[in-house]
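These notes are about the structure you will find just below.
A, B, C, D, E and F label the chains in the order they appear, each numbered from 1.
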Amino acid sequence: MELIALLILLPLIAALFILFSHSNILQYLVTSTVFLVSSLSIHLFAFPIPSITFVFSSSLETILVIFDVLLLLFFMYQGHLFRHRLVFGLALLQLLLYLLVEANLGSGDGFSLLMDRLSVMMSLIINVVGGIIVIYAIAYMKDEMISPFKKRLFIAYLLIFLSVMNMIVMANSLLLFFFLFEMTTLASYLLIAFRNDELSRTNALRALWMNQIGGVVILMGTLLAVTQFDTVYFDVLMSHSGGYLLFAIALFSMAALVKGAAMPFDGWLLGAMVAPTPVSAMLHSATMVKIAPFMILKFAPVLAGTLLGGVISISGILVFVAAAYTALSKEVFKEILGYSTIALLGLIMSLAAIGTEDSIQLAMVLIVFHALSKALLFLAAGVLEKVHHVKSIEAMKGLVQYAPKSVFFIIFGFMTLTLPPFGLFMGKLFALQAVSENLMHSPWQIIVLLGIIIGGVLLTLLYFKVVSALLSKESDLQVAQSETLLLGFSIPLLLLSVLIILASLWLFKTHSALPMSYLLVPLLLLLVIPLSYRMLEGFDRTTEYHCGEKETFDSALFYFDMSASLVRAMYWVFGLLFVGIALAGVLS
Amino acid sequence: MSFFKRFRKKSPWILHYNAGSCNGCDIEILATLAPKYDLERFGVINTGNPKQSDIFLVTGPVTYRSRERLVKLYTQMPEPKVVIAVGSCTTTGGVFRGMYNVEDGIDQYIPVDVYVPGCASSPQLIIDGVVKALEILENKNQEIEKPFKLFGGIRQVGTKTSRRDMAKKVEPNRSDDDQS
Amino acid sequence: MIKAMMQAFTNLFKPVHTVKYPFEEDVVLPKDYRGLIEYSEDDCIFCDKCEKACPPKSIVFYQHPDGSKEYKYNAWLCIYCGECVRACPKPGEALWQSEKKPLSATKEQDVNNEWFVWQRAAAESRENHAAMKKAAKEKKRQEKES
Amino acid sequence: MSALMTLLAPILGGFVYGFERVLRARMQRRQGPPMLQPFYDMFKLMEKRTIIIHALHVVLGVLHFFLLWVTVGAIFFGWNLLYVIFLHLFSLIVLVMAGYSVRSVYSHLGANRELLAMVAYEPVLLLVAVGFFLQSGSFEITAILQDSSHLMQMPLLFIALLMIIPIKVKKSPFDVVEAHQEIVGGVEVEYSGIFYEFLYMARFLEYLFIYSFVFLFGGDSSILGGFLVLIVFFLINLVDNATARVRTADMMKIVYFGAISISVINLVWMVI
Amino acid sequence: MKKVVNIPLGSQHISLLEPIRFQFTTENEKIIEVGADVGFVHRGIEKACSETFEWKKVGYVVARVCGLCAITHSLSYTLAVERLLGYEANERIKYLRMLMVELDRIHSHMLCLAHVSENAGFEAMFMQIMADRELVMDIQEAISGNRVQFDYIAIGGVNRDVTPELVNMIHKNLDELRPKIDDLMERFSNNWSLSLKYKGVGVLTLDEAYIYNALGPLARASGLKTDVRAESSDFPYEDVGYEMIFESSGDIYARNMVRLREIINSITMCENIIDNLPTGEIIEKVKGKPEGEVVVRVEAPRGELFYLVKGSRKNFLDRVRIKTPTFSAIPAMMEVFKGSEYADAPAILASFDPCMSCTAK
Amino acid sequence: MPIRKVEIRLEDMLDELTTFYDAKVWHFLTVNGIDLGDGKIELQWIFSKYGVKDETVLFSAVTAYETKVPSVVSLIPSATLSEREIVDMFGVEIEGAAKGLYLDEDSLTMPLRCSL
């Protein structure tokens, strides 16, 4: 119990301190906070205790209502301020729905917070990965051209956000969940608009209205729960069966899809990439968007074997393929990462919605490794952006020559996303196995299987297209000055890399039937052969073959653009699928 | 190493460059690769890539524009290598000897090991030349072979040997110093 | 495509087109193959017509001071057009085109740069000889005059 | 036995390649090189002076070869088939990285085509593996080989596999990766001497890799497996001699609309 | 969001026999812009023809402009000089010259077809065509004594006569060749992979052919009916069974078909020529020195070859102007490249059958 | 082959050719130059007719080397290479025709001029 409170309150208190303290002690404060919360969640994870619950007192409930209304009013104000009708309208709709829910609220009792294995795991990710990102953010913000207070504000935002995230994964009350969901919306709105220019503003508003759709469907689901089942608690809701239960779940799942930026809502996550890199890393790849698969995972026991589960699974896997393909036409590094995030979230949701034991396990594994790898990639991308001032992959050509260390981290990140023996690869491997095993009794999963395979190779194509840009370097006769990486950058990167390797080893040891030699042989090769690097000093260096011509080759990459009509068709399909989820909920 | 030496002549890979010939010899080279003469009997592959070739088959007197390419390709070939000049214009300039845009034979720029006569050299002559070249190839060592004139030398950068400048054109008056 | 595959298959059982040159000399050169230019000094009348007719100047006569001429022929410069034979007043005796194929030269033979030297030497010898003759003529004339 | 096979894998592949060169020459009514030609080439490459562009390029190329060797070894040792396919993917990715790491246009184009080809055949390989799984209930190669022949149950998957073999062994109509007349060998263009040898031998290993998939269709009867391999080997060479190279886009279309769809049909048929 | 890649093709490239350099600007391998450098083979023959070599020798020099169409070069030059000298060859000489030119056309077209298949990645076809081509090469070697540079045509006639054994051999080889060409025609039209590679690729439309003055098989494949054999009265082509061959689609396939059908037509013509060989001297003495200005057009395998010779009664000519077929084909070629894939570029290039040594002289 | 030689002045060349040239009737052969000595050059534009026997027309204009020659590329797109060739070989100046088709900087310039 106290542990939960600590997890939630510690970051909040630290944030307050930071706001009103001197900048000098900033890093110590943050580091110690992060260390504390991380060790807390590790402790929780390592020593499982039966689920912890917590009941809000009525005063707390009242405060919650007030906050909720204030929040929605703030959104309305923002909509009004920037003359954005959609934002305004959606906020108004939510306010009305919210009031309706409050009016119909029954008297059923339940736990407001509930911490089960899933929540523990999520909070572990949030605290460890998120914590590392916060530490990184200190170094990142150091030479930003803003006032010290604003810098501290930024860090404080991130810490508050940690606390919010910790709470959301434990939320059991639908109303609390809605509030926190809207809080994350607010957080991404504020942080995307942090640089406060035209582009950030439009993107922030877009993120706002798209996320509010999620809010609307959650409220509709809550209304359904309140009216049909007379409860606002997840656990109670899910113990019911029949009736409109699946419709409510379908509505919640739609919210998950919105949060996970599944197509057709991919616009907001892409827009979010204008935010400072730690924000992108924190909100839009490593932690916040994880709410989406988290929600599906929460409903997985109910979804398993239903039509609704099938539809969600299929739309998830289609998102996987479509996002992977769309990313192939993108040029900005962070956008590519964003799309690959969308794709992988789609995969995770798809696996979660299948709802067998294996696939749920897998989804969780994938969440962990995705968070780690994506955080690593985003942070490394931040370094490139900050230190080397490159954003587009076109500008990154041959960067390995000038920034070998950061490039190493990026390549390592991509390798962990695709190749054996790293976790994400293992996840895909097991996913294939799991789906193949299911194939016998549910043949429709062949679509999922095909999706995993094709999306997987497309993502590989994508990643190594990017790597190619980084790698294309000139002959190594020119001696480039060695790159010095700031400690504030290199420590988070290193930490993440080590974590990935450790987690992979752990995964391999515990979760797979494969013998250890499978892992060791390629690893050994990976370690030994690069040692011969030094031995190559004496060989003659020469120029590349260009048909005997003098000119040097300026490498450019390949982009696989979809035609406009195809894109339109794709969005239509996904839009219909999105509606189809609700329909499937009604039908089943 | 001497064990492997004998295999050189069993797998000569060819790079063909036309340095301004009338392409009479070039089509004959093509004909030697075709079924009737089938150079692949000797293990020949027409690689088209200097870095993987052992035999440099050049046709044509060197024209002004092609000489830099000629030298560049030559320097990109790893030793041991042999150069075969195919056709009379390649060996000595032939009928083009003395024309204003022609450099009277490729041995003005790169060391030539075998001179194949004929205008145009028939496939038999080309095969003879290749066979002769194989004997020469067997007795060569790995020493770097340099082009003759107008081009720079080899540079040491740290512990690395750079061949990049070998094909770089230098000013005529400085060429003597740089070769040493 | 099926037909081509069938053809490839049947090709396996057909004899190969390849001739085993140079292991077996069964590439029969046709009659009147335009091979090496051959020369017989005994029959030559040193009219220099072949030298003049040769497009690439691969036949050069070196003028010895004693009046005799030395025939020099570069098989690697020759384009085997046969123009010299057609120009020759005694074709087939002094100069003829044989059916032998020319041989390839090696680096040691230095067929290119040596020929530059030769050409220059031959041209010089001509000039010298002409000058000598002229001088002799002049001398004779002077002698006559005197 | 498996260890010995693994150790001798490049030599075994060399024989296959050598035989294929002779076969191809005969199909074109040429005499062709001697059978041992690949080994002559290997030995020759060993003592060429080595010229490199930069060290990273070389290291990645060598890594490719050894990873591929491990992959082939993994097949001989009867590892998990999915894992084998992913190991193979790993080795190719390393090759692609090598191809991109030099500023050479043909190397880049080759690496790019290598990636595209991978996108084409990887799904088919995985689907074939899934087919085996449905048959024998396990992804372990040893288990797959204990079943009776799989040919009857998965004929379409076999055909799909046949369609992608030309991509792997770089034969017409799908030899876009190498495409000598267009991109001068693609990825391997900047390698020379002993480092080229690694790539040259990697080609032998590719032969073993892909033909062992054919062998798996034989199931517990190794005679049937060997027979299948022979037939397929022959067929692939016949097709090579009867077709021109298609464009990369066409290749993708053919593989996706042809091979993958028939594999899916076969899988559905097996499931139902 | 597309970026461009510059892909060089040449000057040394395995798909090229001769040095020519293309710089393709491509988007995802799709060519959007082409730059070409054609001057690698420039040797300065035009200058040498009027300054270094006497007019009698020039025939051998211009033959070395190009090895593939050497015979047409020496023929055009000889015709020009003969006209300047006021000499007209007898029928036998004309027939023999025609025979050689047509044989040369057969071997050149076959080489081009072989090269097109090679560049399309069809090695077996390349080998097959090259093997069949040896039949023609044998005839040429037997007639002229050399496989490539024939040096057959001299001023005032031809250097060698055709003997009865040769006539038999020509008949035998051509009879053997004809069914093979028919077979090739069938394979070029029916092979699945070749039609993917050839049909609709590298299209030169009729309008483009007019605008860019395309000529030879290239123009005829687009439906532009031009052939110097029909447009000049130097040789009695109509008597030996010449017919103009053209297609309309203008793609690689059409060019191949034009070449194949021209080979058949040439075989017919060769057979007619040796069957109806008139009697007469094969070489006649020509007196005098060239004077005046004259132009000659001859249909080389690649199209129209044009010579302008000006002389003024001296040992050296005033001007020899050579304009070769490929020279005209290059602007059309550059146009065709745009919009096609880089993967098709070598095949398109080969289908134009460019001859750089002709172009740059 | 009889040729029809039309003598024109260089200034009128473009107009003459514009009225004369029809892409579907006339086939452009080449631009030719002949050195006449004394710093004079004769430029020739040569055409032949499609489908008609022995019909060749030669437009000839005599000019000094220094005169700037108008380009016919706008009229006949395929004349680019011919014009560049003339520029290289004679060192005349033609609008829009770049040097360096055949010759590099270090090779002989203007090889076909008599004085050289």
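In the analysis below, contacts are C-beta pairs under 8 Å (C-beta built on N, C-alpha and C of every residue); 3 or more make two chains touch, one makes a residue touch a chain.
It should be emphasised that the depicted structure is a prediction, and the values quoted were computed from it without experimental measurement.
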{"item": "Target subunit F, source subunit E, minimum contact steps", "value": "1"}
{"item": "Where subunit D and subunit F overlap in contact partners, by chain label", "value": "B, E"}
{"item": "Maximum centroid distance from subunit C, chain identifier (CA atoms)", "value": "A"}
{"item": "Chain separated most widely from subunit D, comparing mean CA positions", "value": "F"}
{"item": "Chain closest to the assembly centre - both centres taken as Cα means", "value": "D"}
{"item": "Top-ranked pair of chains - ranking by C-beta pairs in contact", "value": "A-D"}
{"item": "Chain centre separation (subunit A, subunit E; CA means) in Å", "value": "65"}
{"item": "Inter-centroid spacing, subunit E versus subunit C (mean Cα positions, whole Å)", "value": "30"}
{"item": "Distance from subunit C to subunit A - Cα centre to Cα centre, in angstrom", "value": "82"}
{"item": "Gap in Å, rounded to a whole number, between the CA centres of subunit C and subunit B", "value": "25"}
{"item": "Junction residues of subunit C, two or more chains touched", "value": "1, 4, 8, 16-18, 55, 79-81"}
{"item": "Multi-partner residues of subunit E (at least 2 other chains)", "value": "5-6, 8, 11-15, 29, 39, 42, 44, 47, 60-61, 64, 124, 127, 131, 134, 146, 149, 191-193"}
{"item": "Residue list for subunit B, restricted to those that touch at least two other chains", "value": "17, 35-36, 38, 41, 47-49, 51, 64-65, 69, 73, 76, 78, 94-95, 100-101, 119, 122-123, 144, 163"}
{"item": "Those chain pairs that satisfy the touch definition", "value": "A-B, A-D, A-E, B-C, B-D, B-E, B-F, C-D, C-E, D-E, E-F"}
{"item": "Contact set on subunit F toward subunit E in their complex", "value": "1, 3, 23-24, 27-30, 32, 34-35, 44, 46, 48-56, 58, 76-78, 80-82, 89, 100-103, 108, 111-112"}
{"item": "Touching residues (chain side subunit E, partner subunit A) in the complex", "value": "1-6, 8-13, 21, 28-29"}
{"item": "Residue ranges of subunit E touching subunit B (in the complex, touch as defined)", "value": "11-19, 39-45, 47-48, 52, 60-61, 64-68, 70, 111, 114-115, 126-127, 130-131, 133-134, 137, 146-149, 355-357"}
{"item": "Complex contact set, residues of subunit D against subunit C", "value": "23, 25-31, 237-239, 241-243"}
{"item": "Subunit B residues touching subunit C - in the complex, by the definition given at the top", "value": "35-38, 41, 88, 91-95, 97, 104-105, 107-108, 111-119, 122-125, 127-129, 131-132, 136"}
